[in-house]
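Input: one structure, supplied below.
Chain nomenclature is as follows: A, B and C, assigned in order of appearance, with residue numbering initiated at 1 for each chain independently.
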Amino acid sequence: MKLDHFLLAVREKHPLVHHITNWVTIYDCAQIVKSLGASPVMAHASEEADAMTTLGSALVLNIGTLTSDLIASMKRSIEAAKHKRIPVVLDVCGAGATVFRDRVCAELLDTNGVTVIKGNASEIARVAGLSVATRGVDTGHVREDLVAVAKGLAKTRNAVVVVTGERDIVATADTAYLVANGHPIMAKVVGTGCMANSVIGTFVGASPENPALAAAAGLAAYEIAAEQAAALCPTPMAFKHALFDCLYALTVEDLATRNQVTVAA
Amino acid sequence: MKLDHFLLAVREKHPLVHHITNWVTIYDCAQIVKSLGASPVMAHASEEADAMTTLGSALVLNIGTLTSDLIASMKRSIEAAKHKRIPVVLDVCGAGATVFRDRVCAELLDTNGVTVIKGNASEIARVAGLSVATRGVDTGHVREDLVAVAKGLAKTRNAVVVVTGERDIVATADTAYLVANGHPIMAKVVGTGCMANSVIGTFVGASPENPALAAAAGLAAYEIAAEQAAALCPTPMAFKHALFDCLYALTVEDLATRNQVTVAA
Amino acid sequence: MKLDHFLLAVREKHPLVHHITNWVTIYDCAQIVKSLGASPVMAHASEEADAMTTLGSALVLNIGTLTSDLIASMKRSIEAAKHKRIPVVLDVCGAGATVFRDRVCAELLDTNGVTVIKGNASEIARVAGLSVATRGVDTGHVREDLVAVAKGLAKTRNAVVVVTGERDIVATADTAYLVANGHPIMAKVVGTGCMANSVIGTFVGASPENPALAAAAGLAAYEIAAEQAAALCPTPMAFKHALFDCLYALTVEDLATRNQVTVAA
């Protein structure tokens, strides 16, 4: 699929991408945005939540280490973003693990200010209200169902829904893209999912007029860089560091020729 | 000493290891657990402290950047762990530095829910109530005394006591193991102590029936990987990254043939 | 300029450098201090703010991810440092971005306890009360003006003022040093500015009798290591890791022969 212009937009616009994110991978999220030529900001005081948000081209949220303070800042930031039509990307990290986490996800989505909801199969299933056991959801067998789940959630929440996995799904109510790039070693490294969310925020911030395809392009760019990094460095930590530098060096041609983005049947 | 089965248990059971830990090395703690094939979780909201703890096979605590919020969550988590018989590993990071820190250590230990107390010589001496100057405690001269201190604290607190150093001590009230693996370059890297605590939590989580020997096996595995990493990369940051990948690649044979774990005389 | 003794002082005194800093680069700040042979401490609970501060040879503050809790601890720590004549280094990270951030900067400086104020050109301009648009301030054209701005702020705040950029400025009310070392790749890596602040704190902690020249020496040492690292590793993440190890291996001769520190005309 032709996706070059999304990477060009990131590199030409250098979007400022504001984050309220978890403590574990906060550095990696900042550096992956910088590796794309964009500018990360991370701040979470409620006193400056709206001011900082409105300086940015996108707002990236991640509930990995959520606390009540962070949630309050996230809500204020979402309201500010809505008012200025700044896209908001939410990683529903750990949805389903605790009742508290599920409640926070619902509250953030109930703001109607989230542009992209991103999670793995079990997290998205949970956010979509499915009560099925989540282990094994991300298999070939139920993959087709998962596209339907993603589209349904996209419709309900009026948002783009991203389901990461062997093949990522990027769904609107009507259309779903599949992104088949990536490498299994990504699962051996803490933070690859959080960084994917920051990459999506960066691409959507640079191309807010088409968040679904921008998200798919971002995932493809990131995962092509992962393929290149895994070819250079086959062990997890060495791979991780190469991933940053491969994304930094990724060319428009790489994205044009190596992306495996298709429209789901 | 024959320790293979402890590494096999980690790799077969993939324990979920929940952390409430410091902000400095939180990423490294997560990634070292993942490098072992286990699953790290880091979360600290009091609202989900018990729920998240009871999902895990072990609870890892570290007071490096303690605040009153974190302490409250740690206490709730310890209670939840006690109730479900989930082992709790506490790094008494910085004990002795401030009165506040000493008070928090005492409060956490007074819960009677800590399975493994881990620190360096001066920290353990402080937790044991010794008022001796701590500089120089970790020398050959007082090493024998330190075994007695560790055993005494193990008896008082009904816990396994780990004293890290050139030779680590892993003590119960009756027995002490010495772990002579490791490399001096570990002291040049921020976080090697915190990661050791997470490794102990992972091994104890996989083999809760024998926390002392599981802790010794974990330390040996981690420090054999450190020996291998130091041989490959003799500078601190390069060593650190190699440490993750050497631990990832560590074989059961490596642990069986290279461990220098003995019973203290 | 002859600066060897400042590096020697760091390596002989191993200063303990206490930090209250941001969550993004907290690990890197700790490790860069350790790479110099000094001892980092990071803690931010208000209950131990003064006790921890007075154990140290310097206090390093960074407002990157400031919250009201952190600000309270910073103020308590500054008071403790003033009382014990411990130098305080403040990175006014993000000054000018929000009203909240500007207010906090002013409050921290109004304590009259800050020894070194450090920022990039636009941040320092903002702290100095200039209302000029900050974009483009750090250009050759206004560089001379910037020296005057730095000297003026140094006089007003009775502090050393460090302005980082292609050529760093280290100004007292009367004198300004220029540090022309460094490499453009530093701007591609999140945290190089925060680490510079920690390096300054380490050098000033070891040589508190001459904070301006100690700061210049620290910047030169760090940026010579960056030149060496960039020569070895031309991609951002590989460069970053080499930077730690080059600073670790930096010799007194490197600093003596390669520093480009001059007195501003």
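Couple of notes before you dig in:
Note that a contact is a pair of C-beta atoms (placed from the backbone, for glycine too) under 8 Å apart; a residue touches a chain by one contact, two chains touch by 3 or more.
The structure displayed is predicted, hence computed values, not measured ones.
Because subunit A and subunit C share one sequence, their contact can be compared position by position; here under half of the interface residue numbers appear on both sides.
If you lay the C-alpha trace of subunit B over that of subunit C, the rotation comes to 120 degrees, to the nearest 5. Each chain gets a centre from the mean of its Cα atoms; for subunit A and subunit C, those two points are 34 Å apart.
For subunit B, the set of residues that touch two or more other chains comprises 23, 27, 241. Those residues of subunit C that touch subunit B in the complex are listed here as 23, 26-27, 30-31, 34-35, 40-45, 47-48, 51-52, 55, 69, 241-242, 244-245, 248-249. On the side of subunit C, the complex with subunit A involves touching residues 22-25, 27-28, 64-68, 94, 97-101, 188-191, 235-238, 241.
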